[in-house]
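Two complexes come next, and they have one chain in common, chain A, joined by chain B in the first and chain C in the second.
Let's look at the complex of A and B:
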């Protein structure tokens, strides 16, 4: 391997130094998850799967981990699907059709994005209660998906804006309906965008805490984030188990990131190069 | 011909669908939410599960086609998050059938219409007859009983014998300390004097002369009372704030901080910073206020690897909290935990049967021994052969309860803010008292007497 110029080597050292806190955090997580006792970053206890017993038994009156895992998979899967479908349709309409109030609508969507979820939470609670959706997975899915929509719509609008209008015009002249045009021609061309948005929505839903923590109270409907939170005790925290649950919670995200990072980077590019 | 077969088949399916209502077993899910937050108190939930097994056996014997299943959880996070969840569930309209919480909350939740009065059910279950009568008093509000006692406890003033010995106390002096507190010979001022001496002679590190809990809780009512305060007026049913008593307490805390025997940031929200120094080495804190349940936490989680309970007996002593004045009465506070029944529960009868089967000596004893809480049944006390429970239960002779008033949480919050202001030094003790008085007046108006 050719040696890097000294300037670059210095930069690498600087980057490594900056990453050290994050890396040591990850190292702590791995070590604490697998050893009985860890002092700083030095394991002092036995290596063993004790901290992972939540996988085969319900720990301390909590439901089995597979229930929140199933709920989290449903939650993030459905949120991502809804966000991708609704955003792409809305974005296509905004990008291609002229309708009254289009500019105002775009502005409004952006304003919605400015509200942090937590500032809306009381109003959301009352709405869900009225609809009978409080403490249900459906309720939180709807809330999360709608809060993700503004970003999705703007993102997808960018992708559709890049598509060549001539191609669509040609299709329309050939007698293709708007729906077919959207479904058969436009959507496949923005596939990188859809995948990127889907991955973002999935990751964001997977890590969501405040909404499920507030809007779900029954433990049968818990998501993984709420399940993990129950291990952080006021009087005593078993950090070994916190680390193990944290790692378990992170595995799907890491897998997804490895598979989807190509599309995530695409978010800054367009649909058709030209 | 073929269509006739279809009709027969449909009829069979139709009647098969109807039949299960009678023939098949119905499983009723009873939802129960419980909390420690200390881990050893998990029997608050486990006992319900055991009782459900016994209830199912009873139901089978009776030939009923119903079985119950307890669903719920045991919260070890903290009271704030648990109570937030309970309130949301009550407000959301689909609360759990059974909620376990401090009995003092019953008045607040009863006023809000969240929980159901139980007077109609209690006489039907003989198990409840053996509960200590004083505990029932703590469950009553406006002439009705709103909860079933789950456990009780006392809140001792603990002291470290090892550190007292290093200060030159002999074994007899140490053994006599609880008696001196009870007789009113050893007061809060003496606690301060000994702590100061320990600091001056470098027996303790700065701030470790006296520890109190790091977050708000019922104990502050107890300390306020031990400084001569009263919080409830029987005649008018109003809450009371006594300026002089609060000032004495706030001044005592401030003096402790200034003398270097109380940490300026003792209210740091961190229980680890409470338990860790208390149990580190041979214990590094001289005096501290805790609860009986802390004993189980220390035994099972903090000193398990270095000797467990014998280690604790060797180093820690306990007594009621002293008075502020010579000859004054000692005090402790019990904040009984209780099971409450949601007003909206659709299975009140079954839930009450479950609670009756939970209120039995063996389960009561299991919880008491496992979590170092005190039993609620008279028969249990005779049954339990546990040194700590035996030695600590005399504290109940000096116990008091929280006043039963729906606005008590507001009183507690205001008082706590005063403690925080005086202790951290952000105001003087005098200003802190005025702060609390003004806030209480603003929040509660004529529902509070400021004296």
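Let's look at the complex of A and C:
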């Protein structure tokens, strides 16, 4: 699309105005986390680390913040690893191997990609109870990873489809097994796809709320989202401290965002949730 | 069978996970909706046939919940698609540096953890003199209580608009430059070019975004649960999916109506399956599942 003629440059102001609500929300979070009291966006109290005391003491019957932090790191790390590995294996088979039911399998993946998985939460609760995985990190990890698979398989299939297959063909002729071929030749060549899917899965697992909120009860297994949510439900919320906890929880996301804005835009262009 | 050893091994991990946590839950939802399962009868649920569905139809509040759901989906959808279109058009018609910045800012609400995002809304919506919205409007109560629907639609919309924004932007970039030269030669103004050239070419992306987001809004309840929990007051902002969730899994009512919640969820599951299969038919399925390039096993 052509650029606007100079007399329309006022639109830049409109653009800035549109972004204002989002930027002022972030400014609020930053200010409230660091000051005793904030009116609107104007700090009226002292600057002080008092809001951050949750870092060294347990607050109001909750476990120390380091326990949910550790759980969230394990949760997102394992989910991203499982999603990347299982999706690229399945995508490789769909893209490169011939087997009966291949079209049907891909069709199923596409239908599941569009299907809103959150409507299954009630049945998933029941199934985890039956499997004895309710209230365990393992259970939530498996569920979260499964729900990301359709997107992952679809994304990775696109990357494998674009690989030129002369190199693979040559290796096959030399008698290399499919498995070695996959690990040594195909996977290294789709590294951009692996990175994109890994980043996406990491961010999605880090923010996940409904699954851990529903499938985990004991506070030793809480993730950061559940830990933060307990502050929101209080009758007299100490917004200074909640904002500090929120900042603490969101810092990895914001850092990742600042490092790779353009890169992230490409991932989300693939379309995931509404 | 050795012939298929490779595909089986490659597909095994993904297939196990999909069967256990996608396909089994679909069947389980339908099965549970036909039983009287609750926390008391968890091990030994009785078959009640269509009993739960009959209870739903007789429920005096079901009309209100359906209306709430329609209002939530329609209003949020209008905001998402409209705002997505405005953002895509604005960010494509200024220098790319500014356009990228604008899109990056609008992506932020989507990648922030939902609980942090809702926390920010709660802070901004507080009563004067603490909250920004409260201070501007001079409201002495929280905006979440005063105008729950406005907050819900805006909170969902700021997240949802970026989806349309990204899809429309790439569609606009794909428009051949010749068309713009042609309309410039014909003396079209900027507004005329947008209306007569760009918008008609965006028809399919707009339909896609609308269809995709209708389904995901119909089943999503995360932000409503966190923002208002279905209140304030009685069912004010309770939508279908949230009600299903609370009937089945709310800690306060002690999981007493698990089967009834499953019946409500089953309705969504069936709609979800029908609609996503329909998408496949509309968005050219055969091209997507073309044969693989290597036929060696």
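Odds and ends about this structure:
In the analysis below, the second predicted complex is superposed on the first by the 240 of 274 C-alpha atoms of A that agree within 3 Å, B and C clash if a C-alpha of one lies under 4 Å from a C-alpha of the other, contacts with A are read in each partner's own complex, and residues count from 1 in each chain.
Convention: contacts are C-beta pairs under 8 Å (C-beta built on N, C-alpha and C of every residue); 3 or more make two chains touch, one makes a residue touch a chain.
Only a predicted model underlies this, so the values are computations on that prediction, with no experimental measurement involved.
Shared-chain residue A:62: touches chain B; no touch with chain C. Contact with chain B, but none with chain C, is seen for A:230 once the two complexes are overlaid on the shared chain. Once chain A of one complex is fitted onto chain A of the other, the partner contacts of A:205 are absent, as it touches neither chain B nor chain C. Once the two structures are overlaid, the count of chain A residues touched is higher for C than for its counterpart among chain B and chain C. Once the two complexes are laid over each other on the shared chain, residue contacts for A:186 go to neither chain B nor chain C.
Looking at the shared chain after the overlay, A:18 reaches chain C, while chain B stays out of its contact range. When the shared chain is aligned, chain B and chain C each come close enough to touch A:125.
Judged by the touch definition given at the top, the superposed model places A:196 against neither chain B nor chain C.
Of the two partner chains, chain B is the only one touched by A:218; chain C is not. Overlap of the chain B and chain C interfaces on chain A: residues 125, 129, 214, 229, 232, 237.
Interface residues of chain A, counted against chain C in their complex, comprise 1-5, 8, 11-12, 14-15, 18-19, 21-26, 28-29, 32, 38-41, 82, 85-87, 89-90, 92-100, 102-103, 105-108, 110-127, 129, 142-143, 145-147, 149-150, 153, 161, 165, 168-169, 172, 178-179, 182, 203, 206-207, 209-210, 214, 224-225, 228-229, 232, 237, 239, 242-243, 246, 249-250, 253, 257, 261-262, 264-265, 268-269, 271, 273-274. On the chain B side of its complex with chain A, the touching residues are 31, 34, 36-39, 42, 45-46, 71-79, 81, 85, 88-89, 91-94, 96, 215, 271-272, 275, 297, 301. Those residues of chain C that touch chain A in the complex are listed here as 4, 6-7, 9-11, 13-15, 17-18, 20-22, 24-26, 28-29, 32, 37, 42, 80, 86-87, 89-95, 98, 100, 102-116, 118-124, 126, 129-132, 135-136, 158, 160, 162-163, 166-167, 170, 172-173, 175, 177, 180, 184, 190, 198, 212-213, 215-222, 225-226, 241, 244-245, 248-249, 258, 261-262, 265, 268-269, 272-273, 275-277, 279-280, 285, 288-289, 291-297. The touching residues of chain A, when paired with chain B in their complex, are 60-63, 125, 129, 134-135, 214, 217-220, 229-237.
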